[in-house]
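First chain A sits with chain B, and in the next complex the same chain sits with chain C.
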Partner chain A sequence: MERLINIDRRIIFVFIFFGTLVPLLYPTPFPIEPSKEVRSTYEEFERVAKLNDPAVLLSYSYGASTEPEIQPMVVAILRHCFANDIKVVGICLWPEASGLAQPAMEAIAAEYGKTYGEDYAFMGYKPGLQAVIINMGQNFHDAFPKDTRGTPVGEIALTSNINSLTDFDFIFDFASGDSIEYWWIPYGKREVPFAGGCTAVMAPDLYPFLQSGQLKGLLGGLVGAAEYEALIDHPESATAGMSAQSITHLIIIAFILFGNLAYFATRRGA
Partner chain B sequence: MTRENNLFLGFVGLFALVNVFLFTTGKLPADWTGAGTMLAAGLTLALYSFLYRDNPLFKFAEHVFVGVSAAYIFGITWYQSLYGEIVVRLFGIGDDGNSGNHLLLVVPTILGLLMLTRFSQKIGWLSRIAFAFFVGVGAGFTIPRYISAFLIEQMEPTMRALEWSADGFNAILILIGVVAVLVYFLFSVEHTGAVGKISKVGIWFLMISFGASFGYTIMGRLSLLIGRIRFLLDDWLHLM
Partner chain C sequence: MFFVTRTLPTLLAFGFGSVAVAIYYIPHASAQTIESELSLWLRIVYAFAYVLGLYSLLNLHADRIKRRIPGWGYSLVAAISFGVMFLFVAYNDGNGPFAPQSETGGYQWIFTYVHVACSSTIFSVLAFFIASAAYRTFRARSVDAAILLLAAIILMIGRVPIGRAIAEFLPVLSSWLMDVPNLAAKRGILLGVSLGAIATSLRIIFGIERSYLGGGGDE
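Right after this comes the complex of A and B.
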């Protein structure tokens, strides 16, 4: 029993590897039931879609290290926006986000036949963290004088009438760091509804902001993205990862149970 | 030759063979995209090789990652911040006439330069001016906003009116949890009697929250693994 407790961790890695590999190669569909916080994010976008000339701000605050979790959310939300004729302005608060978000915006916009400058615009990265948010709250054109193509924001049809954050109907942040909790919630405009998508590691810390209404909705990790894909009825990479996620979770639960049983068995024998 | 060296050579040889096969069968295009995919696959496998044991391949990939990240962030910061904000908007160099005149940018530019004086023992004291400004402005912005966002607005759901519903039950749980955890962190009173019992309830709430955080952490890490394995199976090997 002692030997079983001190099992080589590489054996666990092998189980996890095959637990991921096999469901990806031979997918087994698992039921995906959208949670309350993901559904409320979806309903916010649906509410915005009913407004006259709706525009949302998508803030990209993630990088390559969290791309597998966040990118499926980006794709799903862009699809939802473009399918409902919601105009999208994209900004980056993380330097790495530009290279990930811009291609996604352009690819999804092309898929829905959207025109740059009229239906969507990409402002790129601006250093300054929360200072950028404060600046946008005062004067959007001062915070982002030009887009990534070098066009002044005043000359872009979509952004010419956006003077501050309050001119957006909804703000959504894709976060893999402090951006939701320490930048947007304290320094964003309270009167503009705000929601976020984050890595699974961050999600438990953000639930209190759902209770208080500071967050209108929350997409937590790959499962949040999969639930959103289910809501827009467009299953993609997040949904494909769910069977692997479920199998690996079962393996880990089995190892935890096994480890605890072995521990108690050795303690009784001692 | 040691077992480790054999494993290392075997891994590199197998990786080379697989790539030759992928390029010759046309599964990977013979262009920069194909080369990039091959490189990304190689670096992914090199980083995961640490799960077996620390090795030169892992070290190489780790150093490449650190170097590329630093260079990328330097490039972005230079073009978006130093060049875009100061060189263009302040000095008008490379300006197409649309940036306007931003003389006020002189102030943060000077403060930024003052920070660099820390490298000099003789004039390093000048950096204190910049730091004093930074700390003062930071505190001025942060204190009221944090009190509002993290204290006042968080108190509202804790004091919500009770009702016979799932939300009402949640409100009671939140109230009990907040009070019990606060009592647990009340170190100026001995944790005996009623205080001890309430603080034990607080420990249970803390343990449950740690468990939830740990569960979410596992989910997050596995999502990243799924993303990488999907890349290897789909983009690199074309098996999906």
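Right after this comes the complex of A and C.
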């Protein structure tokens, strides 16, 4: 029994490896039922789509390490925006996000035949974390004088009339750090509805803000992205990852139960 | 000298700290102008922090390489990687360092196919260690630990699509766990952390906490 408790960790690694690989190669489609947090995010974008000349701010605050979890959310939300003619302004509060978000915006915009400067614009990265948010709340043009192409924001049709955060109909932050909890919620403008997407491990921390209404919705991890893909009826990489995630969770649970059985058997024998 | 190293920074902390706290609650236009100006200064400080961070990083690795400290090869890789990325950024796909950064070229290629791939891989390796750690440490040694274990299992299975396929109530139960016990605990923690942050900030503003000045603790 002692040997079972102190099982070689490489055996667990092998199970996890195949538990991930096999479902990725031969996915089993499980029905995906969106949670209320994801559904409320979707409904917020739907509400914005019904407004006259709607514009949203997408804030990219994630990096390369969390790209597998966050990028599917970025793609799904961009699809939802462009399919509903919502204009999108993108900014980055993390330096790495620029190289991840910009190609996604360009690719999805091209897919929906959107024009840069009229339907979407990308401002890139500015250092300053919450200070950038305060600046945008006062004067958007001061915070981001030029876009990544070097065009002054006043000369871009989409951003020329955006003076501060309150000119956006909705703000959404893609986070893999403190940006939702410590930057946007305390320093963003409360009159503008706000929601976020984050990694799975961060999601439990943000539930108090959901209940208080400071967050209109939340996409937590790859599951959140898969649920959003289901809502826009465009299954992609997040949906494809659900089989692997489901099987891996089952394997981990099986190991936990097995470990406990071995533990109690050892105690009884002692 | 004491004035420059201790008194002046303490006075600056008091002045800027109290002004920053006050203007957060004052909606008057002049207060907002000060807030905007201060946030601009803060952004400049952040930008300089990057320069300091870069200097510190390169200095650390240069020292390791010079003194052949065990593992210096990794430092060499870090230094070379920085140099290569810097050259590609400066080259900017033929546009030079002062033009807007090109969306194509060597920098974007290395970022996408080396940096993103490596970072994602390292983060993914966590799944293996979490599985191993869960097997070794997640034991129902007490009633509290058993409740935690049960909640973790319900959440792990209820949050993924296979949970609904196993039993309809699992996603409902996991949702309740997140909405009620998790929310209550997180709100308590958040309030505690916030009160602690306020207390520490007040100690800094009023010059009680001076460890950030270096060379000594509280007074």
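Rule of thumb we're sticking to: the second predicted complex is superposed on the first by the 270 of 270 C-alpha atoms of A that agree within 3 Å, B and C clash if a C-alpha of one lies under 4 Å from a C-alpha of the other, contacts with A are read in each partner's own complex, and residues count from 1 in each chain.
FYI, a contact is a pair of C-beta atoms (placed from the backbone, for glycine too) under 8 Å apart; a residue touches a chain by one contact, two chains touch by 3 or more.
Remember, predicted model here, so these are calculated numbers, not experimental data.
Student: After the chain A overlay, clash or fit between chain B and chain C?
Tutor: In the arrangement built by aligning on chain A, the partners chain C and chain B clash.
Student: Between chain B (first) and chain C (second), which does A:208 come into contact with in this model arrangement: first, second, both, or neither?
Tutor: In the superposition, A:208 touches chain B and chain C alike.
Student: In the superposed arrangement, does A:59 touch chain B (first), chain C (second), both or neither?
Tutor: After superposition on chain A, A:59 lies in contact with neither partner.
Student: In the superposed arrangement, which partner chain does A:179 touch: chain B (first), chain C (second), both, or neither?
Tutor: A:179 sits against neither chain B nor chain C.
Student: Looking at A:145 after the superposition, I want to know if it touches chain B, chain C, both of them or none. Which is it: first, second, both, neither?
Tutor: first
Student: Going by the contact rule stated at the top, is it chain B or chain C that touches a larger number of residues on chain A?
Tutor: Looking at chain B versus chain C, the one contacting more residues of chain A is C.
Student: Is A:41 contacted by the first partner chain B, the second partner chain C, both or neither?
Tutor: neither
Student: Pick one for A:159: touches chain B only (first), chain C only (second), both, or neither.
Tutor: Touch partners of A:159: none, neither chain B nor chain C.
Student: Identify the residues of chain A that lie in both the chain B contact region and the chain C contact region.
Tutor: The answer is residues 13, 16-17, 20, 65-68, 96, 126-127, 134, 146, 150, 200, 203-205, 208, 211, 223, 245, 248-249, 252 of chain A.
Student: Taking the complex as given, what residues does chain A use to touch chain C?
Tutor: 7, 9, 12-13, 15-17, 20, 30-33, 35-36, 63-68, 96, 99-100, 102-103, 106, 126-129, 131-132, 134-135, 138-139, 142, 146, 148-150, 200, 203-205, 207-208, 211, 223, 226, 242, 245-253, 255-260, 263-264
Student: Okay, in this complex, where on chain A does chain B touch?
Tutor: 10, 13, 16-17, 20-21, 24-25, 65-69, 95-96, 98, 124-127, 130, 134, 145-146, 150, 152, 155, 185-187, 199-201, 203-205, 208, 211-214, 220-223, 237, 240-241, 244-245, 248-249, 252
Student: In the complex formed with chain A, which residues of chain C make contact?
Tutor: On the chain C side, the touching residues are 32, 35-36, 39-40, 42-43, 46-47, 50, 99-101, 103, 108, 111-112, 115-116, 118-120, 122-124, 127-128, 130-132, 134-136, 138-140, 149, 152-153, 156-157, 159-165, 171, 175, 178-179, 182-183, 186-187, 190.
Student: Which residues of chain B touch chain A in their complex?
Tutor: 51-52, 69, 72-73, 76-77, 80-81, 89, 96, 98-100, 141-142, 145-146, 148-150, 153-154, 156-157, 170, 174, 209, 212-213, 216-230, 233, 239-240
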